[in-house]
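In what comes next, subunit A is part of two complexes: it sits with subunit B in the first one and with subunit C in the second one.
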Partner chain A sequence: MLRNFKVLMPASLNEALYVINNIDRPFRFLAGGTDVLVRLKDNPSYAQALIDISKIGELAKIEEHKSTFVIGSGVRHEALLAYAPFIENYNGLIEAVSAIGSPQIRALATVGGNIGNASPAGDSIGPLMAFDAEVELRSQDTNRIVKLEDFFTGPGKTVLKHNEIITKIILPKSDSLKSGWKRLGQRRAVAISKVSVTLALGFAKHSNGSDRVNDVRIALGAVAPTVIRARKAEKFLLENQTLTKAVVKEACRLVAKEARPITDIRSNTEYRSEMCGVLLGDLIEKLACAR
Partner chain B sequence: MSEVKNEFIVNNEELRKKLSEVGKNKRKVDGDKIARGRAQYVDDIRIPVDKLYHAKIMHSPHAHAIIKKIDASKALKLPGVVGVFSHENVPRVPYTTAGQNYPEPSPYDTVMFDSKVRYVGDRVCAVVADTPETAAHALELIKVEYETLPAILDMREAIGNKTIIHDERDATGIFDKDKNIAAHVKASMGDPEKGFKEADLVFENEYSVQYVQAAPVEPHIAITYYDENERLVIYCSTQVPFHSRRIVANVLGIPVQKVRVIKPRTGGSFGVKQEILIEDACAMLTHLTKKAVRLEYTRKEEFNSSRTRHPQIITIKSGFKKDGTIVALSMKLLANTGAYGSHALTVQCNTGSKALCLYNTPNVNFEATIVYTNLPVAGALRGYGGPQGYFALDSHFEECAKKMKMDSIELRRKNQVKVGEELSLTKALGEGREGFMQILRTCGMQQCLDKVLKDLDYYNKKKQYDESNKKSHIKRGVGLALAMHGSGIPGVDMGAASIKMNDDGSFNLLCGATDLGTGSDTILSQIAAEVLKIPTSKIIIYSSDTDMTPFDVGAYASSTTYISGVAIAKAAAQCRDQILKTASHLLGEKIEDLYCEDSAVHSKKSKKSVSYKDVALHTLYKEDQYQIIGTGSHITYDCPPPFSAQGCEVEVDTETGVIKLIKYSAAVDCGLAVNPVMAEGQIEGGVHMGLGYALCEEMKFDSKGVMLNPNFLDYKMLSTIDMPEMKTHIIETYEPTGPFGAKSVSEIPVDCPAPAVANAIEHACGVRIYDLPITAEKLLNALTNKK
Partner chain C sequence: MLTKKQNLYSVVGKKVNRVDAYEKIVGGARYVDDLAFEDMLFAKMVCSTIPSGRIKKIDKSRALKLKGVAGVFTAEDITGLNKIGCVVDDQPLLAKETVRFAGEPFAVVAAETREIAEEAAGLIDIEYEPLEPVLTVDESVSEKIKVHPKGNVVCHYKVRKGDNIDEAFNKSFKVYEKTFTINYQEHLYLETQGCVALPENEGITVYGSFQCPFYVQGAVATALGLPLAKVRILQCVVGGGFGGKEDVPSEYAAKAALLAYVLKKPVKLILDRAQDLMVSSKRHPMKMEYKVGVTKKGKMNALKVRVLADSGAYTTLSTVVLFRSSVHFGGPYVIPHVSGDIIGLYTNRVPCGAYRGFGTPQVIYAMESMINIICNDMGWDPFEFRKNNALKKGASSITSHKIKESCGLIETIDKARKESEYDKRKKEFDKWNADKSKRTLKGLGVSSIFYGMNLGAKGWFYDKAGSHIQICRDGSVTLCVGNVEMGQGAKTVLAQIASEALGCEISAINFTNVDTNIVPDSGPTVASRTTVMSGNALLDAANKLRKKLVAAAAESLKIKPGQVMAKLGKYYNIKDSHQFVSFKDLAGKCYLDNVGLSEMGYYVSPKVEYDLQSGQGEPYYVYSYATAVTEVEVDKKTGEVRVNKMTCAHDIGRVINPMLASAQVEGGVAQGVGYAIMENMVSEKGHIKTLGLSTYVIPTTKDCPEVKSVFVEDKSKDGPYGAKGLGEPSLMPVVASVVNAVSNAAGHQFEHVPVLPERIWEVLNEKNSSEDESEVK
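Right after this comes the complex of A and B.
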């Protein structure tokens, strides 16, 4: 039960920044509310105030710049899924976001919320991290850009300071990358991922005329305290350039070793590790064939 | 077996064609108001008192502990708090929460508030306050001191454990409390030992099934108050208003006369509301405070403190002749009833009497030992032991066929019970006492099986996939399962109804049978309308209210259509006979020359007729006035089984263990379907529930007995998009003892999905899973071990 609880509804970003700079109690942001309200219901001491930033229009825009897309943190998943350039070039992101919750949840939940929630199973984070996205964090007096990979420090933990808001997600343009995303869940919808893998590959022509890999990004979800990049497997694939059966097999083995999953009610350590390899194998096959 | 005495017989196609209300897809009588949000559920009821107070229950955080002290001083000082109630100030009366017939065949091992808690979620105390918030706040202010005790969290460790869960002196009906055995049953037919000796081949396997919940949309809820006549009124979401009245009166120590239980619309129940789960406490709080009190469980409380399906470990042994004839069958169960023995004996009896009668075996052995553990309490849940037994039996039969290199379908067809045969264990395994030997009168199993085989293109797919599966890690398989269930509890279940005629030729139908969302108000109205020869829309049904409606044991054991339906037909027939008598007077013709049709009485001779309306007006206002009214009660010693064959096609990814449902087919012989569309709905709902049992539903606990997933985020039921393409068939047979040929349909569908899926998975990837649910992790692990 909520006692002595406050809900604040700033009308602009500046007002919001002022509010969080001066508030004297533990608070949470309310953007889509799909997580925060569930948690509050379960645990009334989760927060003593909600700061409703869902009405701040300046956070809800997607803009195209010369070399980046800038996604406002308040952009809802549904809006992201409808944005044509993403549909065209960010298949992995689209696949991941389409799998979040249900249509009802995607109509409310925001990109900033999925990031700020900092769940290792947050489905949009993997592809964003694979595309080397950055986040803009603002306070009343400061404005800093942090790589998404450096943003998370643990489950539910980030570098966000108490007086900062995630304002933007900066997504580099990457027309040359082919990407895909796969996950395993307990069922097909409204299920938290047991394990997810994002793969983005860039290809170029080899001197001998065959295809070679010239860019590899792999992100793993739900298998470590935060979403992680699988740097060893990335490096291995990049060095080998050609996706032979043996190379793919070794990459899958490496990625399974890079995962550091736990056993919980959704799955177990062994399964999650092994599945990182299986899903990566599937994705490589899919992206290599799709060319 | 009783002689067939039922004037509402439909036993052939010709009579079937003459029906105008029964056997038709009539609109659900409460459908419109439910769709428009106007239906009155318990929480919508506005009671005629000045103020409604709110109760909250404190549940035990420990699996097993003695309550040393309850300090409620701070809570009692909180403004708005009316009182705090616990074992210290509530009378101690042992009872069972199982809403069963009197005397209940479950042990009296429960008291409303005890000084000992036996599972995480057990009752500690309750608060009554002016708002739900104040009540919740007050709970936080109560300090309880516990002395924790060792807990039994594995049913295999219960017997002979030093820890004794029910060491209280006043419990009765427990089989062996020193050994933590709540109930035990043994039954046999023929000579099993000799049967196994004479068998050419003997197979034995062990299976196990998990804790699951029914999870109805509407949680348990009760509103109780004393009315102006000093009578205790209980509105609650229940399947058993009359059992609820009797049990609550007993626990409160007041006469049944002082209690009135009303069941408004119900948002699902599936067995867990055959339990006197919270209305006893709510009523006691009203009784002690004289306030009107509302108590509703949250979803978390439902998961922790409601009722579950009994987990079981099942050992099956079977003996066959070389030609596939079964000659001996044995089933041994170890079942977990949790901390209290609600339905402990009867659910397990049902596992035996349902599963072991399907294949006609001359020598049968059954033994069930039901133990206490410090885990949530099991109880009634759709299928009532059936899903457990059939998962084991149908999996086992498939394995036996494989080992004998026989077609499993033919093995089933060959051994399946046939019309005219005795259902071997029905006499030995009754409702906690000896039952009544059943002889099979109708059986549509072979037709059910044919439908399912055709839907799945079973034999072709079987061959085709055997080949194609060699080439890919994505493998397909088809599998089948069969089941039979019951229709009511013979010699126990009784339903009654009354019907009276109004001025305009409409009728009030009052019945104790409880519609839980099942649609029984609709089909019972159809039955009354068919007998009276009026449109179903002319029936005004009211159910259930212990002051207003005749007695009915309630909605359980698939009894409502089969038992209550006949009671209603009898009551309607009495009205019809009175109408004919008056019409005979009005028309000046003999009753033998008259017949009823289209809301009027017609003469075969003179072709004259008189409308029901004119009959009603005459009887109520004109001459020798009287009320046309009929009552009917029905009890039967028959229990005709409905049959089902179900099958599915699955896809298994042997790299991930992920199981995808591709296609499902279910055929049910439910006798005549009173409302075919609603019967199909029951089948599809039951299959959905069974598939969740097969693949993903599971209550999980930590090492201290705390449930890890008491919410819908972590306890996964299948969502609509997880459901495969589904074909549903009703195979009509005509059961002579049922109303217009009906048997039952509500429980049978849930019996088959788990074994059908397990069998299909085995066909796809060659791995047999012996314990539910079949998760990707479990299957992959088994696949790895096989390599």
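Right after this comes the complex of A and C.
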């Protein structure tokens, strides 16, 4: 029960930073609330205070810079999906975010919340990680930038300090990458991913006129304690450059081996591993054909 | 004759909009949790955390010290009897010495707020001596550990027909054998279980979400030690039941009533979703051993079945649910030699009970899978095979019930084939599947069912229904019946029946939710019986009223009563429809003439004769029938299934409302698809792990197929306007036909439900690797 529970509503980022620097009890941020309220209901000791950051306008902007896009942590999934440059060039991100929950959830839930919740099944994380996104973490006196890949330390666990907040997600511009995202869930909508794969590929023309792969990023969701990059499969594809049947098959085999899934109430280890390979194969086919 | 009469109906058979739609859409409908009373307390149940154990000590002191706690009740605080079992007396209202499943309530708290009640629940200390639990039917049947002192068998139904079964198999041309298993299914009504109890008039009034207010009345009276007349049950708008609110709400209502009665304050008890999932009844998991013999000519000549059903820790409704399994395990077919044993077994798991289809979807899945195996093996056409064995007028079921009337099974088979374009699709699918480059495999699955109407031989004593109709002096009408609206559209269909019979406009009718002070015990709202039972009870009352109205109209119009017709608010001269008197004026006239326009109606289900020893006789007075055809697509690499289309042909006698009938079919399909391929209740060591909506996953609209529903109207002489029931038949063929379709796509008969992608993938993988090997060779 929420006895002696506090809800604080800072009006600005500065106020929020002040609050978290001085608060003396375990707290959580309330951005969209779609994770935090569910958890609090299941487990009242999840937090003793909520800091409502949902009204802080400065966190809710998307900005275009010279070589990056900066997504405020309070940007709602719905807003991200409507942002034209993403629709144009970040297909993997759009595919993933449009699969999150339902329209109702996407109208409330934020990108910062998806990252802050640190679920290995968080669907926006894979594409962001594949695009080498970074997060800006601020406290009252500090400001640091951490690669998203280094941000998570386990299920629900991150490097965020108690007096820090995620302010931004910095997404490098990557016009040359083609990307895609696929997942398997227990049903077609409002489902938590059993496994998800993001693939981003860059191509260059070979001197002989054929297409060569010159950039590969693969991220796997729900198959390890955190979302991970599949570095071995990435390296293999990059070295081989051409996507022959045999190369693709081997990459799929490698990616299945890189996954470290568990058996739980949603699925089992073997299936999850193998599906990483299947989904990667599907994405390679899709991206190679789409060109 | 009938067609001529049919044309005369002005409301029955029409697509009338739901009479309760508007209030639900605008949020005006009042569910039990919307009710609030002054000084109301909130209750919370405290449940066992182990599947089996002896209670050594329960300590309430910490909870009682918490500010705002009004009371903590355990078994010793019960003023009446500590018993809740509705059929068999094996279940306490609150566990006293023993806990038999994880989730069994042993205490209940009342406090000033929901939050305090929840906190107090966590402060009640219980000490157990844990015992080794019985967790599977195989362990249970071995009787090594006894869940109850009398042993582990809850019930054992036998069906014996024809010769010695082994000899019969010797005469078969071919014999097929397979064992199937099937998991729980959770009802997952949108509205969780709940009620509010109010001390009133030295007795108690209970509001709630019930399928049988009369069961609740009995349970409350027993627990409080009150006469029935001091217990009044008022039905609220119900957010879904599906069988889960048949007997189960009695458990909660009796607890809330006890608190309210002793503490002399209103008490609200609403289960949260996790607790509801943990403690409320489920569909029985079963292990089903099937053996079927066929003749060269494609007739089934012998059937041997043994079913072990997991009844859980207490009997609840197992004995009646499994009676239904024992009648339906052979499907709607003629089989001369049958031996069936349906055995319900206690385990230290959650009690299982009523769920849409009542013990039949499981056995239908097994039986229809057998037929699929046979047809595939012999190259027999699945429709012709079913027709060749089908029940029809003059034929006898596996319980030797000779079918006398209203049997449209063969028409449903023909219609399902035609409307699904099966033959065309089959060719297309075969071609598709032959193309190895395709990512998916497509499959078609068929299943046929029959379903006994009403409560049948095992429940005939409960099989009655009452009604009350009152016509006010301005021509408006109040109706009250004993069966409930729980989302199925009962109010609309019953209003249509009353409007047709009374000759009033449907808009004149006002429904009063069930009130045990107004209508007599009408049994439960289950067994697809409401249209027939409450419909007939309404006809009984309406016909009495109509006689009075006709006499009054004849007097006004100066014609003979035989010349009066009534329709849509007008009583008119059959020879001259311009000559009429309005329903409203007639009501006014009767009022001034002191003609009472208030009547009770009553109806009793036709009596049936059945021998429980041999499982032979008439288990039910009549049956509904259905055939379903499903199209699926299976992803070869992921094992994911897409159910693309279902065509369902139902014989439900007269269709009172075609729109609601189609909606009922769509709902049944959605629930059946979930059961077949998605809903997976995971339990470990007697603890259910899927205690939320993110882990117990049911279909969304995106997972549901296109549904085409068609109807066969082979009218039943005992139904109102010839109607039979549809509530359960709508779900019953779904699981089997979906699983058959997936099995046909994958080339493997799936032996466990739900059929999950993980399993399909495994099967397809095994096939692939064996094909690869043969290529190498």
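By our rule, the second predicted complex is superposed on the first by the 291 of 291 C-alpha atoms of A that agree within 3 Å, B and C clash if a C-alpha of one lies under 4 Å from a C-alpha of the other, contacts with A are read in each partner's own complex, and residues count from 1 in each chain.
Methods note: contacts are C-beta pairs under 8 Å (C-beta built on N, C-alpha and C of every residue); 3 or more make two chains touch, one makes a residue touch a chain.
Everything numeric here is computed off the predicted structure, so don't read it as measured data.
Legend: residue contacts after superposition of the two complexes on their common chain; A:Lys66 is shown touching neither subunit B nor subunit C.
Of the two partner chains placed by the overlay, neither subunit B nor subunit C lies in contact with A:Lys245. Within the superposed three-chain model, A:Met275 lies in touch with subunit B and with subunit C [touch as defined at top].
Residues 1, 3, 42, 184, 186-192, 265-268, 271, 274-275, 278, 281 of subunit A touch subunit B in one complex and subunit C in the other.
Across the interface of their complex, subunit A is touched by residues 132-133, 136-137, 300, 655-658, 696, 700, 708-709, 711, 713-714, 716, 718-719, 721-722, 775-777, 780-781 of subunit B. Subunit A makes touch with subunit C in their complex at residues 1-3, 42, 184, 186-192, 265-268, 271, 274-275, 278, 281-282. On the subunit A side of its complex with subunit B, the touching residues are 1, 3, 38, 42, 184, 186-192, 265-268, 271, 274-275, 278-279, 281. Those residues of subunit C whose C-beta lies close enough to touch subunit A in the complex are 115-116, 118-119, 274, 637-640, 678, 680, 682, 689-690, 692, 694-695, 697-700, 702-703, 757-758, 761-762.
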